[in-house]
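Chains here go by letter, A, B, C and D, matching the order in which they are written, and residues are numbered from 1 within each.
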Amino acid sequence: MSSSYGENIELTIFGQSHSSGIGMTLQGVPAGKEIDMEELAKFLARRAPGRNEYSTPRKEPDEPEFLSGIFNGKTCGTPITAIIRNKDRRSEDYSALKDLPRPGHADYTANIKYFGAQDYRGGGHFSGRLTAALCVAGGICKQLLAKEGIEVHARISSIGPIRDRGEFVESLEDKVFPVCDDEMGEKMREYIAERRAEGDSVGGTVECVILGAPAGLGDPIFDGMENRIANAVFGIPAVKGIEFGIGFAAADLCGSENNDGMYMEDGEIRTVTNHAGGILGGITNGMPVTFKVAFKPTPSITKAQRSVNLTTKEDEGLMIAGRHDPCIVPRAVPCVEAAAAIAVYDAFLARKREL
Amino acid sequence: MSSSYGENIELTIFGQSHSSGIGMTLQGVPAGKEIDMEELAKFLARRAPGRNEYSTPRKEPDEPEFLSGIFNGKTCGTPITAIIRNKDRRSEDYSALKDLPRPGHADYTANIKYFGAQDYRGGGHFSGRLTAALCVAGGICKQLLAKEGIEVHARISSIGPIRDRGEFVESLEDKVFPVCDDEMGEKMREYIAERRAEGDSVGGTVECVILGAPAGLGDPIFDGMENRIANAVFGIPAVKGIEFGIGFAAADLCGSENNDGMYMEDGEIRTVTNHAGGILGGITNGMPVTFKVAFKPTPSITKAQRSVNLTTKEDEGLMIAGRHDPCIVPRAVPCVEAAAAIAVYDAFLARKREL
Amino acid sequence: MSSSYGENIELTIFGQSHSSGIGMTLQGVPAGKEIDMEELAKFLARRAPGRNEYSTPRKEPDEPEFLSGIFNGKTCGTPITAIIRNKDRRSEDYSALKDLPRPGHADYTANIKYFGAQDYRGGGHFSGRLTAALCVAGGICKQLLAKEGIEVHARISSIGPIRDRGEFVESLEDKVFPVCDDEMGEKMREYIAERRAEGDSVGGTVECVILGAPAGLGDPIFDGMENRIANAVFGIPAVKGIEFGIGFAAADLCGSENNDGMYMEDGEIRTVTNHAGGILGGITNGMPVTFKVAFKPTPSITKAQRSVNLTTKEDEGLMIAGRHDPCIVPRAVPCVEAAAAIAVYDAFLARKREL
Amino acid sequence: MSSSYGENIELTIFGQSHSSGIGMTLQGVPAGKEIDMEELAKFLARRAPGRNEYSTPRKEPDEPEFLSGIFNGKTCGTPITAIIRNKDRRSEDYSALKDLPRPGHADYTANIKYFGAQDYRGGGHFSGRLTAALCVAGGICKQLLAKEGIEVHARISSIGPIRDRGEFVESLEDKVFPVCDDEMGEKMREYIAERRAEGDSVGGTVECVILGAPAGLGDPIFDGMENRIANAVFGIPAVKGIEFGIGFAAADLCGSENNDGMYMEDGEIRTVTNHAGGILGGITNGMPVTFKVAFKPTPSITKAQRSVNLTTKEDEGLMIAGRHDPCIVPRAVPCVEAAAAIAVYDAFLARKREL
């Protein structure tokens, strides 16, 4: 079902940007697992808006209230539901947009799909705000994976044309702007600030690495780790591409260049390179799982744009007011971690059936 | 389930490269739909091996036998099952590989996953041969979509470092080497021949365009067209990346460059550019749906490689004999069409519930 | 997934009897459908506790708050979530039962399943209270079906050994005690009162009839209407059996007695009898769909019972205090309607894909 | 999907009574499990037609050919597919029935559902013949469960009005007519013979008991053992009812009579009685799981019946020729075991995720 993900766990995300609340239900988590609420709050804070110069000033505590599924600090085995209230709603900002879809947004497609009955306020169910619910589930899955020795980390790998440098091998979660090379990070921030001053926005890429995943996760054909992760990651608004290992660059290479030779080290089978991103035939091989995600620039810009009035069916110019991130990539970093953690935890549980 | 795809149709793929047969079951196709078996055979021929210099000489008629689901030339509403016998099996070629996994293949990961009980002959269930079953299902879905005015076409967009030129807007299915610019196609073929002579292999990319899809297909969050198509396309072995519209290139742009402005033409809402690849918020906007897929180079090369003996747990060199495509990209073109057609037809049926 | 139901809609039920709230998410309802909140409230009132002498005095307004999915009085196409707070919680009543499972309850099985981490208060997720969430979803589906001319009605067909009389052909929803023959209803009430006075409880059966369902709903083998309805109805606690049409009585008959002869009337194919309960091969034939459900007596009784202390692993007598229905059958009537409506609406949407 | 079952395994059944073959695909069985083909053949023989006086003389070897999934006598982890050819087809027997639906059969409902494109020969996909595929899957699951100490047995508990006597506690699979009391069995056979001589048919019930199932199998609400088993069992044609433990009889009792008191024995928690059929809250409690299934009499009888001509839309009498079981209950016994084994094995794998 559309707003649900998973076979062994099932995550369901509900809510609209300006409805009375959003939230998530996560089923299938085994009973008796401790959930550290403080750690979860810290994880959610990484996604929260209003923290710095390049994110929307809309301030929401975004504190989830757990209605069920956690008892005495532990999962009790039955569905975990958390809700987040939508407090800081300025719906009137959006009423002008009801008939004038924003280019690059789901406004027009939602209107067609739902025959005009869609909740058009602030993107409705398509709003980036829904990723708060994704992060509640993802934050829980990250903790569950950590108990199994599996870590999920992401970084900003590019902002617009500016690339981060260095190899990404450990958590950068303590950085407000998580890049390996802070000098490049400074350039990225300047780039965002410049575009923002022009009323424009910026895209970028996020790289994710999963450490400690045992060989044998994932399944053939349609449940390979690539399918599973892609399926979850495309659930984040603005994602337009994903590649595993060296991805598109592999298409330019010869087999002798791309194949990852194998060798023994410390009793484990390793590969000399990791072009495959830790996945062969959809199944992990014990090397780090790596992938990169492309985010388009935030479609909400204050520059003039061409739109069409859905009532009059005539061309009409559009100037977007309201509060918007000039670049959602920094806030997308924990979202990518969340999506990856959900996908990997689902595969992890799938694997337990076979053991 | 791992080897199944879809919510409104369900495709299940079964078989191993060297088992007595492979096949597919396709459920959920409404009754009374005519299936043109000759057209299907033509479609399957585009994927068949042994047709030219850059594909494996293994010759298989690959003619599906339909056991059920089609009655008097029409779908009868119940599961459609087709099987393809594996006739030209030289399993002995592979017995040497039982303990020596081929780099870049699923040999090692399958061994771990299935505790040594995997069918190691020719890649087993992970073999590219299984795409014959995918193409039977995809060929049927292509026909079903065509009845609704929706066309699915793919081309080779690059081979190694060589890019096709020109805009891809119509079917190239009559070409043995489906590129827009035949001059570039000639260079690609030469490139493949050179690498092959060296015992090496070549990767490439395939571009797909879906024409005639009405606005409103796809669903929010985890059932967007990107999720659906990615989920199906990563079911093709050797795929390592997918991007929609301009994909990764969008990450480098500003919003004012990337947003597709809207206008009216002939009573329809169109966009000036189509950077979004016809999908916004996971839902089609009526513009062509476009995406590009990265294929890694065929891992089977005759050059010496590093492997590890799974029994002795010692490093061991590997020289692969046997018959292998130096480049699977040409044969992957109909596979991408098949995967896309399956995904789009599933979304098409989902949409009917809402109307 | 365990607490979810459906393929074309998906209902997810969450919460525990004594957690901060319970609720439901219903996905897949097409956009633009009006939901009459007053009618829904009336439906929910039929299930609500504390209305009469044979139900628990625990009083809960049970008013659902809709967080999402309904906009301007209509479904907006995205997930509908409603929550109900658990206000009147006397958890201390249950703490004594933590180690002493109640016979006939899920206390012991939940303890084993969840390794002692289960929410033991008031039955947790297994509580009959969760049917409030089922009824929110079912009440919505009933309204959606009514728009399509399909009605779902249930009655009490027996209480303990006392059977209702008469043929059940129309809604009895206006009756507090919904039986065809009020004289029998009076005897049933007396029977409940007597058992209650003894500290005992009573079982019964509920009959359901679905009118106006077109021929062609349901699917072969595992998605027949029997499978679908049974799957939903066994989601109601205390259900131990279900039969369609004349059900178990058919097993005693000969084919010549049981077969429903066919004839034409008013341009429609009808059957002389309806022993099949309107379903053949899992698919509706246009006659009323009928089925009957067996409810065991409420396991919570004040009489002394044998239990086992889970900590000491020794036999121990049990006396249950607290507030309990002596007979849940009257309140189960709308629950059966809800389960049936959910199942039929799911099948109804499935059918739309084929048209 | 309609002809598929399961979440942790997935069984897909395909084929029509008179198509070129039928079969099944079973996914999700862990790798390395030995399958005893001789034992499977013996199990299938219990369902095979043509063995005695009360079953159809249509003779089919019904020997499955395994196309995939089993390698060197063991499951190899990927989909197991077996096909059975339809050899002894006398389709002409059925052509007369194309327009004249048989009362009690799916002929009419299939015609409506599939808009006249259904495979009407011999019941098509709705034929009892499809249970051969169910039994291939079920026979495999029975073996897999036996390795875990779980046994699944069924018996004939009644034929028409004649009930078996005695308690059912062990396998009767060596009996051609599996009842506890052979004297009653003899009466049942006579009863079948008499009805058959009259051109009539007979219904009956089958009781199933599952021994050795550990406490903790099954999940709350919609994935309880009752839901799971009912969902599988209603996949057998002619089933019209199911009850767990004492089922409908419980509805007549008081709680003090029905509740199963608990006690310790040999370090295990047991219940004094087993009215609940080993299931509380949908979850096994370690006692034997018991249920009973109602089969309607075979609808194909040679007595004159009322039907409607689908072309002329006029009433028309019907006399069925051809070969039919006067009573399918004896052959249904292994089918019930198969359905139960599939359901329990799926729940068994689900449980492994939680451990």
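The rule we apply is simple: a contact is a pair of C-beta atoms (placed from the backbone, for glycine too) under 8 Å apart; a residue touches a chain by one contact, two chains touch by 3 or more.
Remember, it's a predicted structure, so these values are computed and weren't measured experimentally.
Chemist: Tell me which chains count as touching both subunit A and subunit B.
Modeler: C, D
Chemist: Of the other chains, whose C-alpha centre is the longest way from the centre of subunit A?
Modeler: Result for the farthest chain: D.
Chemist: Return the chain pair with more inter-chain C-beta contacts, choosing between B-D and C-D.
Modeler: Most contacts of the two pairs: C-D.
Chemist: What is the distance in Å between the mean C-alpha positions of subunit B and subunit C?
Modeler: From the centre of subunit B to the centre of subunit C is 46 Å.
Chemist: Where the centres are mean C-alpha positions, what is the separation of subunit B from subunit D, in Å?
Modeler: Each chain reduced to its C-alpha mean, subunit B and subunit D end up 39 Å apart.
Chemist: Could you grab the centroid distance between subunit C and subunit D? Build each centroid from C-alpha atoms only and quote it in angstrom.
Modeler: 26
Chemist: Of all the residues in subunit B, which ones touch at least 2 other chains?
Modeler: Only 1-4, 7, 13, 28, 31, 77-78, 110, 113, 125, 220, 354 qualify.
Chemist: Going by the contact rule set out above, which residues of subunit A touch subunit C in the complex?
Modeler: Contacts found on subunit A: 1-4, 6, 10, 12-16, 19-23, 25, 27-28, 31-32, 65-69, 71-72, 74-81, 83, 110, 113-119, 124-125.
Chemist: Touching subunit D in the complex: which residues of subunit C?
Modeler: Subunit C reaches subunit D through residues 1-5, 7, 13, 101, 103-106, 108-110, 112-113, 125-126, 130, 158, 160-161, 195, 200-205, 215-216, 218-224, 226-227, 230-232, 234-235, 237, 239-248, 250-264, 267, 269, 271-272, 275-277, 279-286, 294-301, 303, 305-308, 313-315, 354.
Chemist: What residues of subunit D sit close enough to touch subunit A in their complex?
Modeler: 7-8, 28, 30-31, 77-78, 220, 349-350, 352-355
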